[in-house]
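To start, the structure itself, in structure tokens.
In this document, chain identifiers A, B, C and D correspond to the written order of the chains, with residue numbering beginning at 1 in each.
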Amino acid sequence: MLKAHQKKSVLVLGGGIAGLQAAIDLGNLGFHVYLVERSPSVGGRMAQLDKTFPTNDCSICILSPKMNECSSHPNITLWTYSELIKIEGNIGAFRAKIKRKSRYIIEDLCVGCMQCVEECIYKKPKFPNEFDLGLSKRKPIYKPFPQAVPPLVLIDAKTCIQFKTGNCEQNCAKACERHAIDFNQKEEITDLKIGAVVVATGFDMLDTSGIEEYGACQIPNVVTGLEFERLLSASGPTTGHVLRPSDNHAPKKIAFIQCVGSRDIRNHTYCSGVCCMHATKEAILANEHDREVMSTIFYTDIRAAGKTFQEYVTRAKKEYSVSYIRSRPAFVKEDENTGDLYVTYEETTTREKRSDAFDMVVLCQALEPSGTDGLSEILGFSLDAHGFIQIPNPLSAPVDTTRPGVLAVGFATGPRDIPESVVLASAAAGRVAELLRS
Amino acid sequence: MGKVRIGVFICHCGSNIGGFINIHNVLEYTRGLPLVKHTEDNLYTCSDGGLSSIKEKITEHNLNRVIVAACTPRTHEALFRRACEEVGLNRYLFEFVNIREHCSWIHMNEPEAATEKAMELIRLGVMKAAHLVPLEAASTQVKPATLIIGGGASGLSAAVNLANQGFDVHIVEQTGKLGGLASRLWKLMPGDRLAHEFVEPLVNTVKKSKHIKIYLNSIVKEISGFIGEFNIEVKTPQGKKDFSVGTVIVATGARELTPIGLYHHGELQGVLTQLELEQMLKRGRKRFRNIVFINCAGARTPDREYCGRLCCATSIKNARYLREISPSSSVTVLQRDVMAFGTEFELEYRRAQDAGVRFIRYEPDRPPEVIGEKKVSSVRVYHTLSGEEIMLPASMVVLTTPLIPNEGAAELSRMLKVPIDRYNFFLEAHLKLRPVEFATDGVYIAGAARFPVDIREAVAQGIAAAAKAAAPMTAGEVILEATIARTEPLLCSGCGNCEMVCPFAAVEVRKDDKIQNKSFVNAVLCKGCGACTAVCPNGAIQQLGFTDHQIFSMIETMAFEDGSDVF
Amino acid sequence: MSSENKSKAYQPKILVFACNWCSYAGADMAGVSRLQMPPNCRVIRVMCSARVRPEMILSALFKGIDAVLVLGCHPGDCHYSEGNYYTRRRGIILKKLFDAFGMMQERFQIRWISAAEGVRFSETIREMVERVARLGPNPLGKDHGRFTP
Amino acid sequence: MEDLLRKLANEFLQRPDAECFIGYEEGPNGSVRPAFIRRPEDIHRLVWNQKCYPNLTAYLPDFPKQKRVIGITVKGCDARALRELIRAHQVERHSVYVVGLPCTGLKTPGEDRIAERCFGCVFPEAFQYDAALGPMKTPDGLARTEYETLDNLSNKERREFWKLEFEKCIRCDACRKICYACFCPECILDSTQPRWLSRRQNLGEKLFFHSVRALHLVGRCIGCGECERACPAGVRLMLLNRYLQKQLEDLFGYRGAGILEDAPPLLTFLRDDPDPFTGGFE
């Protein structure tokens, strides 16, 4: 490793797979990295996935070593629950202000034992668990998910009795033998001197509530792709048994609707890039869990353009009872007595109008860049027409934004799957080394 | 190192362990175990107080093995090892016993049974600790130079990045010219740029760099060694050149499949490939009449199952240009699925449709038929939407074929001991998380040699591979795994079982003047999985830190309970 | 163990080998999630399930340990890319060896447990303990080596 | 045939790099034993008949690895052993001169019928030899001859059977010593670090001994039956070896050591091997 005085610092924004990879590569290149993540744990979207296509690797199994590597890397300072609020200066000599939000937990004292969670005045979890997209509940004091890094709890002031009324019994604080709970903790602002910034803020899901024809957010058995992913996950709300929300029955016929809000002039005209494959994966996994499950994927084009993707789709058809129908369904209707769903669509080959019954419908909704609007203000780079971070010269400088010294990778720059994000993250590390060393 | 003296530190973890396990009884029990010279409990062994106590007691009681019974080694092992090391005890003389995740937390309602289990887990730990030996993690120097095989977009991008970081680069290019496939194209996507506007500056930067050596019309003949020092032999027109490098990047690229015979390519005049069309455009041809593109020519078929990834985008791009150059032309794209993923390609797809390009879907079991005598005249295709066959007049048919790996991939795969798939694309270390690395340290992969990529992806992968290669070269050394395999030559019969199962080609049976038929572990390549140890018939090869002796002593003490058979 | 405890209801003792990357992490996750399970298992950590040589399983069972469970990553997920495929073949053959002897078949199992499968880990342990408890003590265990079929 | 054998041996011993010719000679009481011929004048001792039981390749790893060449006679089963020894780096092909024996099955000692060890023999002909004592042809019926198996025994019967068998075992190690495939400088069963196996004469230890032997022979046993012949207590060791070989063929299509040049089945894998370990408990 380089000696300390040779080290320059780099700020990485976002602790998803792209941010983690960029931080590790930069750390290995001898830079000191501040990895700043908005939420209380690193891991990002990948931590919420059950498996990854096309290998069906267990997502957390391959991600968790990277999360731990980041937190124990001698060159990486990990700040979760923190945000960039201001930046000044130029490439090689930026000054950044980071807001470190209060978890009401003294990080150095907490060992993540969760005794406090056990003793909370709420005997049962009551509030929507963000990690499970509200499919399960948590308490006001909670750990984001079992493999969270850092493995600390935090208090959500919005739901905590102490913060709401000021006179809770504070069982959590009493239970903590290490006196790690601090209701008076204030957020901190820290100044950093850094040479470059790598933005890897990833994606959010399109709010599907506007897509009424599919009953999103109205019909209980219509779920989104990521919600379905949590249902598949062994660490999810149903411990990996796919059960439909209305009656906890195991569905046997599942419909996946592609391009919900993508390639759609009412929402996003772009293709979200990963939905064809994640739907295929989820259909395969549902069948692996229960061989009686038959899935139908309603698609526009099957975009299986990555390495071994086509083979994956072929296997889904041949071995996992997945059928593909080229059609954009017109609407989904619920039978209110049974909770079953009817998908009405036009069979494009025969021009026949059909309505098929399903136990569950999964909407593969569009994915959109996360946090780029605010960051473009702070960091002063341009966005493209869709809100993705603009890469002005994608051919010769595939990770450079319009602002010198500020690089961007992953889904924040356009639809990318995991390997593409990882490639860009490593490329950003290479660019930083080139910019700060030459 | 003298007699074994074990110290055992038992953590309460507040009440996480102490609340369910009777630590007092466990302490009493542990004190009675053989070789244990010191025992104590700590409220939090991982706290500063706990760690200083470990360090003090090592010195005070002359301990030469340390056990902490607490949480999981996966998070805390490094911390305690460091503490041992700080007072001069080899870090591998530390053993972790997990009595929290694997005991107190999962038996919360059975304190007695949990206490007994904790005792036994500690006894197992003591037995293993008794057989621990000090280990040293070796390191190896890394030369600050890289060999890049292939002078296309990704190889050149990697070269520029590394040169700008101050590393020496050797580019070996099979042809007489840098630039690769991109230099043969007309316009690039995304961005409407002429290919030479992208390629020429890149080539010039490479040519001007004082760090980069270029070998044209050359091929790599032999590669030996491993990360840190690979010895390279290159055959150049000027003769044989030898040099050594610390890392290697494979960027041998791909070429367009020439579909001889497919859709009468090579038989009927006017049946071209996309590359042939681009070269026609490059030469300045301006007039076109009825053009039919056939996508997925030679791709997504049973014998070449993969999708070419960028062929749809290529056809979209060229189709629109044809309409723009020659507005009176009619351009039809026969496709199966339009792989216009992401933002730019989807936009290009819309632009092409707006420019008047017709997209018609065909089914693979009813493929289009190219008709003509000597010269192509029309294409008959089953129109899936209308459900009938239609006839498209065609003055030219352009086949969109996938990229296939360049020749020599198999040979290179043998030389570098890295895998290729059934199409001869290189297989990276992990499809998801290690896309530009091989499982072999110090060897990286970028561009279309791995799988078809567009220019942007080729460049990004080139820079990513450069970043990977730069890491060990920046550090100047790589620290090797300590818990690797090692052969005891006196026991080794040279049967080669270890060699056969090693996933990293780290073990080989050596037969040379000095070594007579003995297995030998290359510490640089070994990752410490222990697969070799399990198949060695007589235990001649052992995984350090997980030896047969260490594990067997745990099994034995579990079987005989009191451990008296061991000591 | 104290003699007082030996007189209690029969409690089998089960040796578990868990690979560091998936199964040990899965066991940790069971702990973090406080999934309760019977206290009969002792986990020995190895880097890869392929490290477990058959002699370890044989000696454990023939020295009287009631059962052996080997846990590895799911096929395809091995941290070392292919270790568990060797584990699988070896496990199949070891089971066949026990078939040939007409004994121990049920006392040896292999299962694939990922780092996310805390629940699967606890269920696997529970089922293994219940199953071995039904079988009763290892006949080679009690008076080491004296054995009645 | 023996004349030809002696002629070939003689020619071989004339070679300047010849070390020794290993064949068979008459032993006491009408038996046949290995002969190590170093001088041309001793070649008259060589014989070839249906009592030539020993697998002579077992001696090859004991010769120091050097440039000199060893002549050896091999039956079909021995030829498979030789191929396996070459694969396992114990013998180099160029350092042996191989004389193939056209075996039609060995006789049961003292009786005029084919020995049971030869039943089911799929490969009586020697191969990869430098010279042969005549054309190799498969004797009719040998491969199809039924041999005794464990198949029809219940679990309980198997347990009882092996309990009685292993009660006979005196742990003399003869089965291990005679086996061609045991060539480690020190056997794991003799190791003291760790002491996998004690000298106790109890069933557990005997099971361990024979299990380890059987597992180390998985994919390497050529079915020559020498272990059973060497056993002074008459333990039916071949039943175990044959049982496992049958499983290898059924599960992995592995026909037996040295038949093809494929890797021993426990040192290789297929991604879609059968997987009995995926589900819950059956």
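Heads up, the rule we're going with is that a residue touches a chain if its C-beta (ideal position, glycine included) is under 8 Å from a C-beta of that chain, and two chains touch if they have at least 3 such contacts.
Computed from a predicted structure; not experimentally measured.
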{"item": "Of B-C and A-C, whichever chain pair has more C-beta contact pairs", "value": "B-C"}
{"item": "Most centrally placed chain - per-chain CA mean versus overall CA mean", "value": "B"}
{"item": "Distance from the mean Cα position of chain C to that of chain B, given in whole angstrom", "value": "32"}
{"item": "Distance between chain centroids, defined by C-alpha means - chain C, chain D (Å)", "value": "34"}
{"item": "Centre-of-Cα separation between chain D and chain B, whole angstrom", "value": "43"}
{"item": "Residue numbers of chain B (touch at least two other chains)", "value": "74, 501, 535, 548, 552, 556"}
{"item": "Per-residue overlap in chain C, given as positions that touch at least 2 other chains", "value": "25, 32, 54-55, 59, 63-64, 76, 82, 86, 90"}
{"item": "Per-residue multi-chain contacts in chain A, two or more chains", "value": "55, 57, 62"}
{"item": "Touch relationships between chains, expressed as pairs", "value": "A-B, A-C, B-C, B-D, C-D"}
{"item": "Parts of chain B lying in touch with chain C, wherever the complex brings them together", "value": "72-74, 98, 100-103, 105-110, 113-114, 116-117, 120-121, 124, 439, 483, 501, 503-504, 527-531, 533-535, 543, 546, 548, 551-552, 554-556, 558-561"}
{"item": "Touch list for chain C against partner chain A, complex", "value": "21-22, 25, 29, 32-33, 73-74, 76-77, 114-120"}
{"item": "Sites on chain A touched by chain B in the complex", "value": "1-2, 17, 21, 25, 28-30, 52, 54-55, 57, 62-63, 66, 68, 72, 111, 113, 115, 151, 177-178, 263, 269-271, 273, 301-311, 314, 348-351, 384, 386, 388, 394-396, 398-399, 414-416, 418-420, 422-427, 429-431, 433-434, 437-438"}
{"item": "Interfacial residue positions of chain B with respect to chain D in the complex", "value": "490-497, 500-501, 509, 511, 516-517, 535, 537-540, 548-549, 552-553, 556"}
{"item": "Touching residues on chain B, where the partner in the complex is chain A", "value": "13-16, 43-44, 46, 74-75, 78, 157, 161, 164-166, 188, 190-191, 193, 198, 201-202, 300, 305-310, 312, 337-347, 350, 384-385, 387, 425, 430-436, 450-451, 455-457, 459-461, 463-468, 470-471, 474-475"}
